[in-house]
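Next come the structures, one after another.
In the two complexes that follow, chain A is the common piece, with chain B as its partner first and chain C second.
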Partner chain A sequence: MSGLGTTDGPALICGEVRTCLLPTRRAVDERTAVLLLRLRADEPVRTSRRPNRHALSPDVLTGVDCRLPTATGAKVRAVGTVAAHAGLVEGRVLQSTAYFSAPATGPDRRRPWGYYLVRPGSLVPVGRLPEKSVTEGFLTGHQQDLLDVGSIAESLLARISRRHDLLDHDAPLTTTDTSLRWTASPADDGEPASALFTELGSGRRIVELRLPRGTTPVAAATLCEDLALHDWLLTTVGDKLDGLPPGSENQAAAMKVLRPLVDHLLHLWMPQARLDRALSPPWEELERHPGFSRQWNTMAQRIRDQLALQNLVRGEVPALS
Partner chain B sequence: MKVLVFAASDKGGTGRSVTSANLAYHRALDGDDVCYLDFDFGSPTAAAVFDLPDVLSEAEGRGLHSYLKGKTGEPLRVDVWARTEHPVLRGRPGGSGRLVLLPGDRTAGEFVTDEENLHRCVDLVLRLKREFDVIIIDLSAGRSYAMDLALAATSPRGGLGRLKNRWLVYHRWTRQHVMAAAELVFGKQGIVQAGTAIGHDPDVLGGSIRFVRAAVPDLESPLWSQVSPAQYAWMRQCDKELEELAAGRGIGRTRVLASIPLEPVLQWQERLITDEDVHDRRIANNETWQAIGDLAQRLTDDKFWGQL
Partner chain C sequence: MNGPGTVFRESSADPRTESVPFSHLSLELGHLYMEDFAEGAARLRRHFAGVRPWVEAARAGLGPLPPGRRPRISTCFLIDDYFSRLATPAELIPPLLAAAAEAGLTIDYLARESGCAGPAPGPGGSDHRDRARPAESVLHRLVESPPPGSNGFRPPVGRTGWLTNGRRTPSQRTSAALDSTGVWQPPSETEARGHSVFLDVELWNGPEDARTWSCAFLASVWQLVRLGLLRDNGAAVLTPTRWQGAEFPAEWDALPPVLQLNPAATPFTAYVTCSVLPTRFLPVEHAVRVILDQVHVEAEALQQVAARSTGEGFPVPAGVVDRTSYVFPPGL
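Presenting the complex of A and B:
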């Protein structure tokens, strides 16, 4: 597939990432990860172990013929396929992404399906694509009877969650799922890549990206998955620490909260693990403001301090199962 | 401990919805993340109990019914703490968990269950299981479509078979209600029979069902202190006979999870009873608060569950 903003490439890439804890008691091993993510018989699951363990399913396609959301309410019909894949980080955090790319213009009339099927992951507008309006409309959120990529991503999570032979649905902590909706449009020449990250509350995030010309849809999706994973970690650990009783008051209650964080989440922080180097400026911007890693390090240190304190007070860390 | 709870009753007006909502509220106060699913299609009441007046119209086309039918990808979720008009509930207490309502659609009536909406139901519960400690599903009164769906989903082949699930059957403390509740569970068309027919183990299913007696007159409470000796004796006799009837029908004390006393506030209004109603305004009885608290505790206390 050609890159963003190139002559025959897409003018806009949009998608949504859903992030959740894999519903199992323990993190799963690589073999199980591969079984979970084998969504197609004809393409393998890709795994990597450096710098952390990661498994990525092949893309599955969903045929779509419907209206795109627009800020102005203009009716834009698009036809084609939405690509979706799922990834598993350290056998512990499950993500699914549904995304599509759209060219600036398409044929004036709807073509037969064959025309669209040779462009996997691409939604071709009937006529011209009002990029700005679609970007805004897409980020505003789902409206009834318009394209809903979030539910495509969610259905992939549901499909994986149904693997009862591999999942025990007995997760060690209750966490809120997050959804991150994103759009990527080409940056002008000389303009650095950037990301406008907004937290909407109740687990919803939106990110408006401007990326270098030639960026592939997969690279853009990878960036957003990386952002979504780290935002989810911050949200989850932050929620658990919010209102945590001081260990001095109720040691058992504090341990019950802290222990699963140490066992399952603290080692997952690794920004830009698989990022295309050209796409690191948005991350660096988020590191400066609001300072993702800074907040994470503070929380991780707080957890360790709490545990160290308990250790000092009790002489030993109480064994909790 | 995580638990999936089905709230059922044979008749309407048993206090099923209002007691279940109070149960949800108590668990959330205790720090659990709780979600409440209003499967009472046709007459969803949970929005009113939680004091969410705008939610009924908002849920039109986006509620649980529309979701199960495939008309919307995700059902509407309402954060009760943030949206309620109830003055006490609006300030979410420290240390409390999330309290989320998934409302039903007002206009949608009953419909038949098929594979499609069974899958949607299972997918939704699996997702909510990740996010919540306690999931309460309020079913319509009687043997309803919603109950069939719940039985199918929790059957060994249904996809939720491995989750810990528990049934609360609500009934009032009268002859008709006791007999109807027993019939709903153990009758020919009852939950156990219907469940067994689709693969449930009758003993396991039976062991996961407990009864909640609602609006039970407590003869020792001040409410009845002014009655004549004849009335008192008569009521004692009725109570004794009802207890015998219940025991004979298999729903005696060992199968009762909690008894909620007759509460004037609930007779007048379907609402949540708050700590403030009991201790500051003194409009609700402390016994009611205690009984709902017991119910909330016992929901996940294994001592009260299992085969008898």
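Presenting the complex of A and C:
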């Protein structure tokens, strides 16, 4: 597939990532991960073990023919397919991404469907694509009857979660799902890749990316999944620690919160695990401000300190009595 | 993904797609029901005599090739052993080959329709490649053509086991109280030119774990196999097995799904296909085109065909359905 901003490539790539805890008591092993993500019999689930365990489903396509959201309200019809895939990190965190790329111009009427099927994951505008307006409109939010990639990502999550033969739906901790909606437009020559990350609250995030010319839609999606995963980890652990009574006051209550974090989440922090090197500048920028890893390390240290303290206190109690 | 110098790859994270050889044209020398075979040798002779002139036409119709290129045309014949098995291979195949030879035609490749469905459950299919289930794979590769207004939240309304070329008539309310409007709405063909020719194709029936595939669906799989566009986890499927001289067995399942009968034949898979068929198959082939138009073929397989065909000056149409053609001769 041609890359972003190249002569025959897309002018814009957009998508949405949904991130949630896999609804099961224990993290699943690689074999189960493969069964869960096997969306098609004839295409393998891609598994990777370095630098962490990751499984990725094949892409599935959904045909759409509808208006794209625009900031100006301009009516832009697009026809084609939205690609969606699901990934499982360390058998514990499930993500699904629905994404599409769009060329700057398309034929002035809908073509036979075969034309779109040989451009998988591409939404071809009928006429010209007002890139800026669509970028803004796509990030601002959803309106009825317009393109709804969130639903496509959500239905893929639902499809996987329905595997009751593999999942016990008895999660070890309650978490909030997040959705991260993103757009990527080509950066000017010599301009480094950049990201504008906005937290909208209640689990909604938007990221406006400018990426090097030639970036593939899959590479852009991988970057956003990586951002979404780590943002979800920060959100989840941050929420659990928010208002946590000091262990010295209520040891049992503190343990109940801290233990699942240690068992299930603390080992998942692995920024840029599979990132295209050209796409690392946005990550590095987010590391400087607000400092994703800095916050994570602080929280992880706090959890370990609390547990260490409890061990000490437990050791002291018999000595005092 | 890595910087210069150091490379770390994981094969399971980066699978490969096997490539297959290609003829220019895969020419199908007709199709018959089992009942037609039962009519005897004269019926077969009449069939191939009717096909013969159109074979010449199809060869000529391949068009000029770049200088120095000889046309590579392979012929094939699909035997329907899926819906009924009135005769054994030993009884059926030799007269078929003899009738073709009498008309001056050679059947390079002989295929079994049940091969397109996949192996019968139970023992057999010792070769890993024969265990692929092409029909099921294609079913999972259907991406329905969206009628206008499909935005992802409202995907095209699928009806299990059926596929259309448009939008169905909205279902009628059955309650008399709610049915006061009662206005019938017509179905519509998405790519209609002015007026619709709406088609609703049954892909399979029966329980999900013991489906009976429809003739139209298996014929679509057959086209994709001939076009070299199907893979099973990256491996080619239904690759021909050489069959020379040996007696034909008494059981259809003892035969490989695709036999190469002519050792000198050019490859089975081809850039484009042409099928010479009796006109009674026209509705089935209309359905085949509706199905093929909605199959999402693996990108790497498409890429391989595009690169190879362009490389030898015989570019193929981008859309898969446009690579298939038909002749419906009179009197066949």
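We take it that the second predicted complex is superposed on the first by the 315 of 321 C-alpha atoms of A that agree within 3 Å, B and C clash if a C-alpha of one lies under 4 Å from a C-alpha of the other, contacts with A are read in each partner's own complex, and residues count from 1 in each chain.
The rule we apply is simple: contacts are C-beta pairs under 8 Å (C-beta built on N, C-alpha and C of every residue); 3 or more make two chains touch, one makes a residue touch a chain.
Just so we're clear, the structure is a prediction, and the values are computed from it rather than from any experiment.
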item	value
Chain A as common anchor, with chain B and chain C clashing or fitting	fit
Chain B versus chain C as contact partner of A:158, first or second or both or neither	first
Partner chain(s) touched by A:177 [first = chain B, second = chain C, both, neither]	first
Partner chain(s) touched by A:169 [first = chain B, second = chain C, both, neither]	first
Of chain B and chain C, the chain that contacts the larger number of chain A residues	C
Partner chain(s) touched by A:109 [first = chain B, second = chain C, both, neither]	neither
Which of chain B and chain C A:243 touches, first, second, both or neither	first
Once both complexes are placed on the shared chain, angle at chain A toward chain B and chain C, C-alpha, multiple of 10 degrees	100
First, second, both or neither for A:148, with chain B first and chain C second	both
Chain B versus chain C as contact partner of A:23, first or second or both or neither	first
Chain B and chain C, minimum CA distance [Å, superposed model]	5
Doubly contacted residues of chain A, that is, touched by chain B and again by chain C	148, 151
Chain A to chain C touching residues, read off their complex	1, 39-44, 46-50, 56, 61-67, 79, 81-82, 98, 110, 112-115, 117-118, 120, 145-149, 151-152, 274-277
Residues of chain B that touch chain A when the two form their complex	2, 33, 61-62, 72-74, 77, 79, 94-95, 98, 122-123, 126-127, 129-133, 159, 162-163
Residues on chain C engaged by chain A in the complex (per definition of touch)	1-3, 8, 10, 12-15, 132-133, 136-137, 140-141, 143-153, 155-156, 190-191, 230-234, 292-299, 302, 318-322
Footprint of chain B on chain A - complex, ascending	20-21, 23, 142, 144, 148, 150-151, 154-155, 157-158, 161-162, 164, 168-171, 174-177, 202, 243, 245
